[in-house]
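Across the two complexes that follow, chain A remains constant while its partner is chain B and subsequently chain C.
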Partner chain A sequence: MDRVDIYPTHEYQGYKFRPGKPFPFGATSVSGGVNFSIYSSHATDCTLVLFEKGQPEPKVEIPFPDAFRIGNVWSMIVFDLDYENTEYGYRIDGPFNPTDGQRFDGSRIMLDPYARAIGGRDIWGVKPDWNNIYQHRGRLVYDDFDWNEDHPLETPMEDLVIYEMHVRSFTRHPSSGVKYPGTFAGIRQKIPYLKSLGVNCIELMPIYEFDEFENSRIDPDTGEQLYNYWGYSTLGFFAPKSGYAATGKLGMQVDELKALVKELHRNGIEVFLDVVFNHTAEGNENGPYISFKGIDNKTYYMLTPGGYYFNFSGTGNTLNCNNPVVRNMVLDCLRYWASEYHIDGFRFDLASILGRDPWGAPLSNPPLLESLAFDPILAKCKLIAEAWDAGGLYQVGSFPAYGRWAEWNGKYRDSVRRFLKGDAGLVGDMAQRLAGSPDLYATRGPTASINFITAHDGFTLNDLVSYNDKHNEANGEGNRDGANDNASWNCGWEGPTDDPGINALRQRQIKNALAMLLVSQGVPMILMGDEIGRTQLGNNNAYNHDSELTWLDWRLATTNAGLLRFTSILISFRHAHPVLRNRWHLSGQDHVGSGYPDISWHGTQAWQPDWSPAGRTLAFMLAGPNARGGAVQDNFIYVAMNMHWESHWFEPPQLPTGLRWHVAANTGVPAPEDAWAIGAEPILEDRGGVLVGDRSVVILIGK
Partner chain B sequence: MLDISVTTLQIAKVVALAGEIDGSTAPQAQEQVLALVEPGARILLDMSKVTYMSSAGLRMLLVAYRTITGKSGRVILVGLSDDLKDTMSVTGFLDFFACSDTLDAGVANLA
Partner chain C sequence: MAFTVTSEMKNGIAQLTLVGELDAAAAGDFRAAIEQSATSQPKRLVLMMNGLSYMASAGLRTLVFARQKMGPSVDIYAIGVQAPVRETLEMTGFQYSVVMLDRYDAAEIEGI
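Right after this comes the complex of A and B.
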């Protein structure tokens, strides 16, 4: 039996069509044709515009008959379209009255907010034709990827080690040796590296289609082409960036990204996306018409009473996330990525904006955040908030969590950086950070805390120990952009040096940072390349450079092989010891009658931590019998951190009879004795203690 | 344009495709291949003269694979160019297929 709706009922200039289905929104393949569906709360008229792929003028413009509208949704099934060579958009008519927030302009062609692929920037860096009347074009996508047995990995949050990366930067450098540098395919070729490093989750900086030429310009001093390189400026929330796919020129970016996710999953690596729902690429009233602005400006954007754009994102506009219509779009979008792309988790850029009402006021119970937390499709996805925005809302520790949301822990970053550089008075604060920040996440557990010392925003770890100040001149903004407060220390010289003493200290500080990160309760996140000393030459905001400044130089894996080895051993140490990865906060109590509290704090003397304002040393012990509340058995682990500029003798606590301390890591000694592979840890000969060198971390294991 | 011819080589049916497989030619290729699918079919798809394959072409291959293996048959792609192989690899389609460089090697693999 054929369905009756596979037959056209209407014809226009040779194109056959019939009334469509309002659900689902976007362009969807149906028997014999394509169902187009789009909504607007304030439009009066709608026309479907079809192009032959890449052609300057439309091949047909089909006005929606009145009968094709249900509520605020226009839908139409068009038959016999060439799926691969069709591009589509809409002309939408309605009032133009900016003071009332209405900016309809039927002379322009708008991109479908639900477009699943977007043409126009097919190959990275190919200069666009600015005379093109329709720059970013909706394309049709087969959502029929063959996943075999794959599904999201659902790795317990506490077991993750996250690696934050930029798709292009990861393999664009000629030294990467991959066949398709700077692409999803390039990442796939580097999976063995990620596995040997030991990370089990990669977090991709924005991969939704963006325009690298947005605000692009030539730096007048250097002649360098500057781009919108990071991509925190979305054109369409449902489309992967074509220029990140080796097959983007063939229109196969959807399949390429899915194939990457599938292969990462096969290797035990989860995939998180950094998603930017706080604003779009359309800027303010002076910005371009691309999509939302011409489809339903008043619905999609937060507007002042005079019709101007609120700017809580620092980029010109603010998406109106708690408007019910926009909220549904965000939900549709995340459901799409979770179900169609098998994405394991999402990190929400400037997420505090998602908790503001349509007039900008923070909500105590934001419906969007609640909807995401309780959605059935997203039920096993990790949700991570960057819990602040550019409008002054800072919610680290107080982000509305609904038992689901984790946060980028900015306080972890700030405390560890200051402790690392030798500031006094941070010992008490560090105890909170190392324990998973129970002061911030008392009821949410340590897995609410994404611990990081560096991220794409700010210095790389190498630069954190090599520069006191940012050096952003190359960004072309007179070094005014980027954060001024970096809590960094250059170890005695600003920038690269031949001084062996300074370089040795920098190496040690990098190892100290990584060691503290990887023994902290919570979820560690490592910035791409920190494991091999990647530098951006002191630039702490390299958002517009597509050059060696931002590309990962794979030769560093050889130059800094010792650091790479140290990092991968520390990661494997974390994976080997569940006592480092508790789901719930430690209590300082003994739950299993082992004679030792689950976590205990120490100073240079056992059981005597130095909480004084002058303190720069801290040690703690995790009791293996209490690992995960006694549910699993593990070794004792003792970590001594000496951020003082002099060596100190540390006395670890006595172990139960029959156990001895062994050395797992000591950043104070050169490689390869700075870290020992699992099972190869040498016994600590002196039962009385261990000398912890100046600015060094020692990790002991009791077994 | 796509030319399709079907011959027999020992135990195998050979479908030789020559030209471009895209949205306009893939349906016809699919029809001809699927017509050969009987239980336990042994099929070689000779791709050595395929100059271009779009997303629709890749899907045609996967539909053929699913149909053939669904009837306990086997299919091998023969003589894929390096370009096509790369595209299929990067998009994940190659994961499903056994490949051979020549028809003789393909028959040997099917035996």
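Right after this comes the complex of A and C.
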């Protein structure tokens, strides 16, 4: 039996409509029509504006009768709309009183914050018509999708190896060989590569719709078109970027992204999204009107008493995340991605902003973070915080976690980089980092620590060992942008060189970094391309380059095949040994009666670590029988790290009778003996120990 | 070009011939044809697509509908899929819903 409330009751210029349902917000399909729902705490009037897709002028503007409003929510159902050829927006009327935070302007058309697809930048890089009165337009989508049996993978956190990826950069280079370069469909073609590498989680840099032409300009020196390339500037939180879809021109980006997630899941790979709730693309009072500013400025943004925009993001505005209305939007958004797109986890950019109150003060119990941690739909999603912001709030180790949030461990990055380059006095710190940072996460376990040495911010791993200083001149900001404190070391020459000794050292340093990352307790994250030596020529902030500078050059997979092989073997080593992947911090004690502590520290001599300020050598052993509190059996693993410029003899601890040390990896020797496939590790002939070369890492397995 | 769909049933094989552009307005006709064919409980569904020049999102959904309506035991063949339509299927990952062949292969399709 049909509902009695699915028939039109009103008509306006040939369009039939009726009172809508306030919930859900946004534009949703109902029997015979589309339900439009929008809220604004301070608006006085609202008009639905409909366009024929791509047309410059609206085809109709339907005012919401006041009787269609419930509380602060206007809703209407419009019947017989052409789903594929309709674009929509709103004119919102209200006071214009900037000092009071009100910036309504009924002459402009505003984008629905809940729009699930956004038109206007359908194809990447196509110059927009700047005369278009409505640049970013809401579109209607089919939410249905044939998922078959797919569901979020719920891979245990401790078992993840994360791969941070920029969608366009991953396959845009001509050498990628994919049919649809720079797109979601393009990534699908590279799934065999990801599987072979061994990563089981990809973290996509922002895929919410953004405007690549925001702040775009021509580099006056090179003539290069610079873009908002990374996308940390959201237009709409519910819409995937059309320009990242091969079918964006056809309006099928939703299907294409879902197909990617489905295929990744089918291959055992989780999908995380890098989400940017700290600010929007509207900038400050001088920025454009796109959506929130004209719909409910005072609610959505943190404003000063004078009505200006707080800028804790460094980009012009700050989303007012702990306002109850905005908090609900963030919750709705993440629930939407988790349930409709089967997303496995979220990494929150500048997440400390999410813990500030509407006036910018840090909260001890931020309602938004608590809500996210306890939300039933997000219950199995991984939540990862970049636990700092641009306003000086640094919360690595102290982010309000509620037992759920993990953090990008910036201290891991800093400690390992400094140890890697040979700084003295890091041995004690390194022990903490290798053990999963119990000094930071004692109450949460090592899975709270996302261990990384490189990320999109900063040098690639190749550049970390090739440059002392940043070289961002091409960004057009006089090399003032980008971090200065990189803790990098060029191994003796700044930039590219033919010197075989320097190049060999650089390769060794890259392997050292990856080896330490992959044997650390916690969750490792690798930057796209580090496994094949991707370079950005020393640019550590390439946010505005859509060029070979940022595109992954797949020829490196051949040039640096040895590094790729090494990385994939180390990843498989990590997957094969649960003793490397504990959910709880190791105690340094023997709780299972193996005769060995679960983790022990050593120097060049067994059981005698060198904690001195001059120390540059460290070793540790994980006792296999103690893995996961004795719940699983594993081999002994011993890792010797020599960041000194001279070789040193390391004496590993004696194993139980019947076991021998075998060599799993040795960065100090050339390929193919730098890493051995699982099960093929050669026996360590000298029972007395192993000579670890200068600036080298050796991994032994006791079996 | 306006969309048309014609149906025939022979030896347990339902064959639909699609011509024109399959957009949201036309998807209803395609869907109705599938529902009609399903009532005969065919062992195969064959979609002759040589004359189909364009398929929009609604058309893709109807393919998936066909997949689900016919059930897992009924193979769906798409014959002579034109390049633009094939590309759309590949880009959106819908190509796994059907078996695509360049020509009608009687041995494969009729060898029941």
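Here is the rule we go by: the second predicted complex is superposed on the first by the 703 of 703 C-alpha atoms of A that agree within 3 Å, B and C clash if a C-alpha of one lies under 4 Å from a C-alpha of the other, contacts with A are read in each partner's own complex, and residues count from 1 in each chain.
Operating definition for what follows: a residue touches a chain if its C-beta (ideal position, glycine included) is under 8 Å from a C-beta of that chain, and two chains touch if they have at least 3 such contacts.
Only a predicted model underlies this, so the values are computations on that prediction, with no experimental measurement involved.
J.: Determine, for the superposed arrangement built on chain A, whether chain B and chain C clash or fit.
T.: clash
J.: Touch test for A:Y83: chain B only (first), chain C only (second), both, or neither?
T.: Touch partners of A:Y83: chain B and chain C.
J.: Name the residues of chain A shared by its contacts with chain B and its contacts with chain C.
T.: Shared contact residues on chain A (touching chain B in one complex, chain C in the other): 82-85, 142, 144, 146, 179-180, 183, 185, 188, 245-247, 250-252, 255-256, 258-259, 262-263.
J.: Which part of chain A faces chain B closely enough to touch in the complex?
T.: Chain A reaches chain B through residues 82-85, 142, 144-146, 179-180, 183-185, 188, 245-247, 250-252, 255-256, 258-259, 262-263.
J.: Where on chain B is chain A touching in the complex?
T.: 22-24, 54-56, 58-59, 62, 66, 86-87, 90-93, 95-96
J.: Residues of chain A touching chain C in their complex?
T.: Touch list, chain A to chain C: 82-85, 142, 144, 146, 179-180, 183, 185, 188, 245-247, 250-252, 255-256, 258-260, 262-263.
J.: So in the complex, the part of chain C that touches chain A is made up of which residues?
T.: The contact residues of chain C facing chain A are 23-25, 56-58, 60-61, 64, 67-68, 88, 90-94, 97.
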